[in-house]
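Have a look at the structure below, then the notes.
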């Protein structure tokens, strides 16, 4: 019994680490640019398909090393261009928040169906990052899971380090806290907007590569992923990075335990219930500022 | 738009659609398109009232439509309720659900409303296809296959008889359009405009944002549910496929193309979108690449949709418009 | 150092600045007086590239800078110090100051300027780690000015530095501005109606309903009865 509880907790932690990577990207982009990105899940799949093209279609050498080293700049550039071309022009309009939601929703559909057009409707399977298992006492881990956990946590630490120790990171925080103040001290606001959008694209895309190699590349996965990332950020407090971190692990755990005790189909209902209760009690989310 | 031009616009548009069957009544495809234009134009109009006028970022419109459809289908199939009664009950059930969803939502900030309503939409799929849905007669993932036609005085209305059904739909469309115009042009509509402009200002006039928003949620949900029911008795089958992202986006294109908050522009949006969707149908699922791209393009290039484009081409109308909003505001200050 | 000619600004339909002209010489403190909502802030923001679209001419050291992006102007040595402070509320004093030196030219002199700022505002030294949002009004004002100085600017546009401060603190702020000026910075300052301000000014302008209604030095201002009564409160 104890072993099972530990097992379930560990899978909760695992889920949580990847969710954190994806949800924090979203919290960042919302906190800084106030843009509500409905195409977020489609960038998850972009990561998956990118890895598939590189590894299977082109048969590139170097395996996942090549994938990660090329995916980061690729996703960054895609995110940067999309922000500049699509979101930035809307920002001058009065009702731009609603317009951004609609535009990104359209973009999401465009990409999702676009993937089907290009890659076909069937699931794509990626090679595993590593094979085999490791056992510690009675506990057995998939090596793959260990790698996912390590990469997610490393990604998060890198992100935290960039945010707190580099000039660009400080500038991002400055724009989130006070855009007018940021402009006054000479921070190029529009560049920071595009850069954060790009960083969030990288984070969700990496999450996509990690989870797609474990499961499959599924063209329909975009929406549930988008919803999950949004639920986590809303639960944690929209725009609060620390809140999203806690929320990701709470939801990861909740998923693991609900899935284990009640069954998989109750996961979504449990998450939605948790979100509604939280928002009813704390409309600004777990750690959001009023 | 002032009351007179709004009514004229609706009368001309629906009038033109209404006489179409005299010429094309034999064409099954065109009759289907026309019927779907009527149904979607009302569903999209309700969404426009919520988003464009009441300023609520609700993404639950398709969900309400589907709840109306399932309610009526389950009532008439499992409980043998006569379809006309089932439709009205479906409207009421949807209104109740709308108010229940609205209650926690309306006080939230914009993106949260979008999220909660959209999550609600997403939760319907596992609900209707899961054991809970099966227990109330949703038919699981297979859906409901034999929804009975609407019967009024012994006459059956369904997709088997396209022209009569079309006129039934037109009748309901006109009534509901009347209700929508009444909402927009009544004291309520004025209140919405004020709320959208400045919630603080409106509240200072004694307008309760919460009460009005909840009311608009209730009424539009009723109409949306009613049309969901109309739809299900028309097509005769129902499954969770209506909840797909494609239906959602198609509906969104209607208000984006028509112009958000530019009622009755959304009716033109519906005409355009339903027709385009039919014409692109040979492309199969690929047409949604075009539809998605269309949303992006229209949002970027036409801020107020077709309505905005028409206004740009005929700038004289714009002045009238802004003046009518001004008089609205001043009449409101008088009330306050 | 700075010449503004025919500057016009609009806020929607509303004509905020009408053909405004002014000039500031190097090393001066120029004070712009005027009632609230008559365009003073807009003028400063227009000079600093923060006001959006404006018409006219803004010449800074021989170069027309109208329409340039704020980050460029900061790098050229023009800094805006906001009336509502515009600090980064959840960051420490130190981080706020460091971000003040964000522009390229400022970065090179960050250390030097930090020392200068701390000698000018010794109180900030003890509060390095305090979060900006927990500071009192007076301290926050000091921090805003200090952050402006960190940009290594030669030309400071200070928007109502006395706003919301009690009289004793106001005097302190003015004294500091005088000291900053003595150290070689040129200052264009906007105020509503403060008696002590004449002490500070080399030149005084009055901006009413978007137009310059008075221009002159300290003595001329003091001999103008209308001005004395309304804006200087003497």
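We just call them A, B and C in the order they show up, numbering each chain from 1.
Throughout what follows, a residue touches a chain if its C-beta (ideal position, glycine included) is under 8 Å from a C-beta of that chain, and two chains touch if they have at least 3 such contacts.
Bear in mind the structure is a predicted one, so any value in this text is a computation, not a measurement.
Chains that count as touching both chain A and chain C, per the definition above, do not exist in this structure. Relative to the whole-protein C-alpha centroid, the nearest chain centroid is that of A. Among the other chains, C has the CA centre that is most remote from the centre of chain B.
With centres set at the average Cα position, the gap from chain A to chain C is 43 Å.
Centre-to-centre, using mean CA coordinates, chain A is 32 Å away from chain B.
Note: centroid distance chain B to chain C, computed from Cα atoms, is 53 Å. Multi-chain contact residues of chain B (touching two or more other chains) are absent. Those residues of chain B whose C-beta lies close enough to touch chain A in the complex are 51, 57, 59, 104, 107-112, 114-116, 118-120, 122-123, 126-127, 130-131, 245-246, 248-249, 252-253, 256, 260-261, 285-286, 288-289, 291-296, 299-300, 303. Chain C meets chain A in the complex at residues 48, 50, 69-71, 73-75, 79-82, 86-91, 95, 98-100, 102-103, 106, 147, 151. For chain A in complex with chain C, the touching residues are 167, 170-171, 173-174, 177-178, 180-188. Every residue of chain A that touches chain B in the complex is listed here, in rising order: 30, 36, 86, 89-90, 93, 95, 97-99, 101-103, 105-114, 116-117, 121, 223-224, 227, 230-231, 234, 238, 265, 268-269, 272, 275-276, 279-280, 283.
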